[in-house]
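Labels for the chains are A, B, C, D, E and F, by order of writing; each one numbers its residues from 1.
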Amino acid sequence: MEMLDAIQANLLSPAVLFFALGIIAALSKSDLKFPEPLYAGLTIYLLVAIGFKGGVAISDAGLAKVWLPSLAAMALGAIIPLWTYPVLRGVGRLGAVDAAAIAAHYGSVSAVTFIAATNYLKSINQPYEHYATAFLAVMESPAILVGVVLGKLASDRAGGATGASLKTAMHEALFGRSIFLLVGALIVGTLCGQPGMQKVEPFFVTPFQGVLALFLLEMGIVAGRRLGDLKKVGPFLLGFGIVVPLANGALGVWLGKLTGLELGGATLMGVLSASASYIAAPAAIRMSLPEANPTLYLTSSLAITFPFNITLGIPIYLEIARKLYA
Amino acid sequence: MNTHPMKLVTIVCEAYAKDAVKKLLRETGAHGYTLFEVEGDGSRGERPADIREFANIQVEVILQPDAAQKLLERLHAELFPRYGMIAFESDVRVLRPGKF
Amino acid sequence: MEMLDAIQANLLSPAVLFFALGIIAALSKSDLKFPEPLYAGLTIYLLVAIGFKGGVAISDAGLAKVWLPSLAAMALGAIIPLWTYPVLRGVGRLGAVDAAAIAAHYGSVSAVTFIAATNYLKSINQPYEHYATAFLAVMESPAILVGVVLGKLASDRAGGATGASLKTAMHEALFGRSIFLLVGALIVGTLCGQPGMQKVEPFFVTPFQGVLALFLLEMGIVAGRRLGDLKKVGPFLLGFGIVVPLANGALGVWLGKLTGLELGGATLMGVLSASASYIAAPAAIRMSLPEANPTLYLTSSLAITFPFNITLGIPIYLEIARKLYA
Amino acid sequence: MNTHPMKLVTIVCEAYAKDAVKKLLRETGAHGYTLFEVEGDGSRGERPADIREFANIQVEVILQPDAAQKLLERLHAELFPRYGMIAFESDVRVLRPGKF
Amino acid sequence: MNTHPMKLVTIVCEAYAKDAVKKLLRETGAHGYTLFEVEGDGSRGERPADIREFANIQVEVILQPDAAQKLLERLHAELFPRYGMIAFESDVRVLRPGKF
Amino acid sequence: MEMLDAIQANLLSPAVLFFALGIIAALSKSDLKFPEPLYAGLTIYLLVAIGFKGGVAISDAGLAKVWLPSLAAMALGAIIPLWTYPVLRGVGRLGAVDAAAIAAHYGSVSAVTFIAATNYLKSINQPYEHYATAFLAVMESPAILVGVVLGKLASDRAGGATGASLKTAMHEALFGRSIFLLVGALIVGTLCGQPGMQKVEPFFVTPFQGVLALFLLEMGIVAGRRLGDLKKVGPFLLGFGIVVPLANGALGVWLGKLTGLELGGATLMGVLSASASYIAAPAAIRMSLPEANPTLYLTSSLAITFPFNITLGIPIYLEIARKLYA
């Protein structure tokens, strides 16, 4: 009952409704389209804003509180590909490289899903540790590296076309633009603290939720365009894209509790664990494992898991956390 | 004014191939290149070019005929299997052959 | 006297002054230019913001209040091409297809003019029904459809080159990006209501007037570039572009009063009626009636009627309303 | 490495003609195309490309010679009268003729 | 459908040369041109094209052969010494020769 | 001691830290890049906002207060190229055209440096005359004109390739987009005054500091890319790019005091005098003196003087002012 209310509250938020509007735009073949620089600008804004806010929160809370759950988040990112890879191989009957690529996406994280979750918590007045952004920042890269290594091993065994070296993959995983912006802004925020925040708050904090709503309109268009690919990926990935996030979400919440987070923070750890990357991971994978089929990993992360998480997933992970903390 | 025959090689490929293509250009002796973002459609489906994951670029490079030949060969052997791309060659005439 | 004051207040607003600055930029051949994605981004912002605000206003006021004047607005949009077409043919001696195209533009509406009018009313503390955005949303399409049908009939009779089918025109008139954004955001706003508004207000409402001022700078550049075409369109269209808005403005105000609007809402209905489209209509007409000469309809709507309305027209329509409500 | 002769048809037109051009490409058997936004000037005046009403695009398509011929014919008959556009053809050589 | 031979002159240059190039086009009798922003690399280093100081453009113009010759000559004499640029010529075929 | 604190406060501000982050992005070869339209959009926003604010300040203060220091600023802009040119020729052994080009850049001004300085003063609660933007607006052009004339004279003597005429240079110096926007917005602000300000404040004033921080991230990337050119310009220009701003800064502060400004305003006059243009001047010089080598003037203004000023220079000029006003 309570959970249905929670889901309904989420579905009627501007962010989710604009996301739905974007999907309708794509399906109705409207010529509505965000020019690439606008998309890039909104992405930069969201990443810098969330990173900066998180950094200020770290400077408020002190590193002592942050390091343990951050370490757990990194471990989580590395472990997820290790358990999903055999599932994709064994149950899904996917090729080794495709399995590694998809596993990397689900171990990595989606910043927009995280942002939507913080907004949701805020809107229902559920407090959370603001430094949770640190988990987002450290969780993007490890899974990508693990996934690329898995794929390289498989593709070497098969003597397949070799993509860029592991070094390129590491550079992309550590200096790729989304990670660079997030980690960079986090550090800037930590150095500035509250005095810096006061200066930039009216730009980076106050209008943030509105910008997110506008951005989700574009994300809806992008995801909607891929809906046609759902038949190409088959029923296994469709199920995978919903069941695996639920499992990872529960795992993340539990680990959050274990490492001392409050209910809000553990929910966010669950959301991160459940989310799949569609910006950083595709870029790194496309360059390091070019033999992997982009339709498979992009469709599952962008057209299945992302919409699932921002509509139903987020309230569900909160509910799991509530059960665990009850 | 004398013009000198030269080859123009045009490559249309997904943006992720950018670094690999640039590297190949350097290795085959190109002294420069020109590049821009494009939309496209082909065997790998539409590339609407509004987010980076679906971005497409067109690279144009002027080369000596033998360098062009070498570039096409290596594109075919090394990059065609890995990336969504097409490449073609045409004849152009330039004024300062030493530049290319 | 009072009207002169009203006009002066409008002329000295940042929005109108920035519009003038844009015209000067074009005339002085400054290399100032907004890149297309910036123009697109500002348009998206303005349409989403105004649509969302209107939707929230509908959810506040209830559909019962909104449906009758909305229906009147639709009818108005369909009627204007029907009376201006014979004028353009008979008095202006224009060809059938050109007449139909221009008639469609004047029946349809300009969202930016409407936005400028709401800002003007706000700045002089004149209350208005905020759900008036609904009239804007429903008034864009009907005139386009009527205009295309008029043009098709004429061009079939003449056996002229046939453009895209009426179906294409309808798709463009209903799913073209500006209408889609406006109607979509209106529905999102209606579904969200005040709770949604609270989240996005600092982005969609607070900075709105400033964004409009910046956008009008660009509109000034665009309109200014077309001023050179004024001699191409001839004195008839010059007069048409000022007299017809005045007539339509009065008609709109009167209809607004008839359908139960207050003074502010009736003024806005007048503004909509008086305004000519330069985004949605050109796109639909270019595709459905390609034989129509774009210089004629773009110059009259963009370089004559639009500047007239946002400088003198708006205060005049308010004055007409005041007379009618006195 | 053998290269195979093919035709490159280039179309520069107002952006409103995009759907009509794409439709024609499909009907004349093109397997893909590349497209980008351009500014331009011509008999219909400047197209400064900063708002959609004045936007211009360039479409490039590689085709078999007879398909190119058919495309040009239909462009001339069906689209030239309706839209501001130019089109021209040139010779290129590709590596995988089966692709086009 | 008859096609008619014509020359396509392509110029890649820093954006600051835009007005000078346009002026030259007018003076050599071009009836139109097409232009777009590009990135590039050459003897004057990379032009990443994200701020105006490093912006690059590509200009394409279709001309009668003798006008093309004149354009290239004047480019060589007047603009090559002043701006970072390259220019080349190729053969194309058009449908309406009177237009160019 | 106090000065070290002042410098530290500046270095830990979000704006400067984001600038540093941008430099790191360039050096670490991250693929982070602002698309050109985003850069253009941020520039337009900053120039319009600062110009508008300055104009409103003029309308508050009255022209009587503004004209004398504005005249001094113009004179300063014209004098700086006249004294730096012989230094560049004699000490730096640079060619006449290169010397003229560099001199023009140092006489002209950097709007972003000015904006960073006003933010700095605000953050340490140092009051300043808000109409100082007027000095920024009038100081961009004179130096460019003087520099172009110096270069033309030299290049005529040498019979060198002739660029565009002096007329073109003047048009660019007076109607080039950055100057046009700044002067235009200043006039709009003067005409609107406080009533106009109230409407657009939430867009042009409140989020301003945050936008500046984001913009400086991009400026860091742009400047960072040019760091590699430092070896090409040699030790003389390296020293020139730091010593000359210090000298000009002191000169500006002194002139500010002489013409009746308070401590804050004189500091800003010093900052303007010390700053070197990297937007308006390069555009005008490239067109009027194409023989001048862009690597020299761009690297010194963008990769030496600009970073120096926004990190160390601004607090130093304030300190100089404090000494002078003590």
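Here is the rule we use: a contact is a pair of C-beta atoms (placed from the backbone, for glycine too) under 8 Å apart; a residue touches a chain by one contact, two chains touch by 3 or more.
Note that the structure is predicted; figures quoted are calculated from it, not measured.
The set of chains in contact with subunit A as well as subunit B is empty. By the document's definition of touch, subunit C and subunit D have no common neighbour. Taking each chain's centre as the average of its CA atoms, subunit C and subunit F sit 41 Å apart.
Centre to centre, using the average C-alpha position, subunit E and subunit F are separated by 35 Å.
Chain geometry summary: the mean Cα position of subunit B and that of subunit D are 19 Å apart. For subunit A, the set of residues touching two or more other chains reads 33-38, 40-41, 206-207. Multi-chain contact residues of subunit D (touching two or more other chains): 36-37, 90-91. Here the chains touching each other pair up as A-B, A-C, A-F, B-D, B-E, C-D, C-F, D-E, E-F. Across the complex, subunit F meets subunit C through its residues 35-38, 40-41, 44-45, 48, 52, 171-172, 175-177, 180-181, 184-185, 187-188, 191-192, 195-196, 199-204, 206-207.
Remark: subunit F residues 33-36, 39-40, 161, 163-164, 218, 222, 225, 278-279, 282-283, 286-287, 290-291, 294, 298 touch subunit E in the complex. Residue ranges of subunit B in contact with subunit A, taken from their complex: 14, 16, 19-20, 37, 48-53, 55, 81-83. Per the touch definition, subunit D reaches subunit E in the complex via residues 10, 12, 36-43, 56, 58, 69, 72-73, 75-76, 80, 86-91. Contact residues of subunit B toward subunit E in the complex are 1, 3, 6, 8, 31-36, 62, 90-96, 99.
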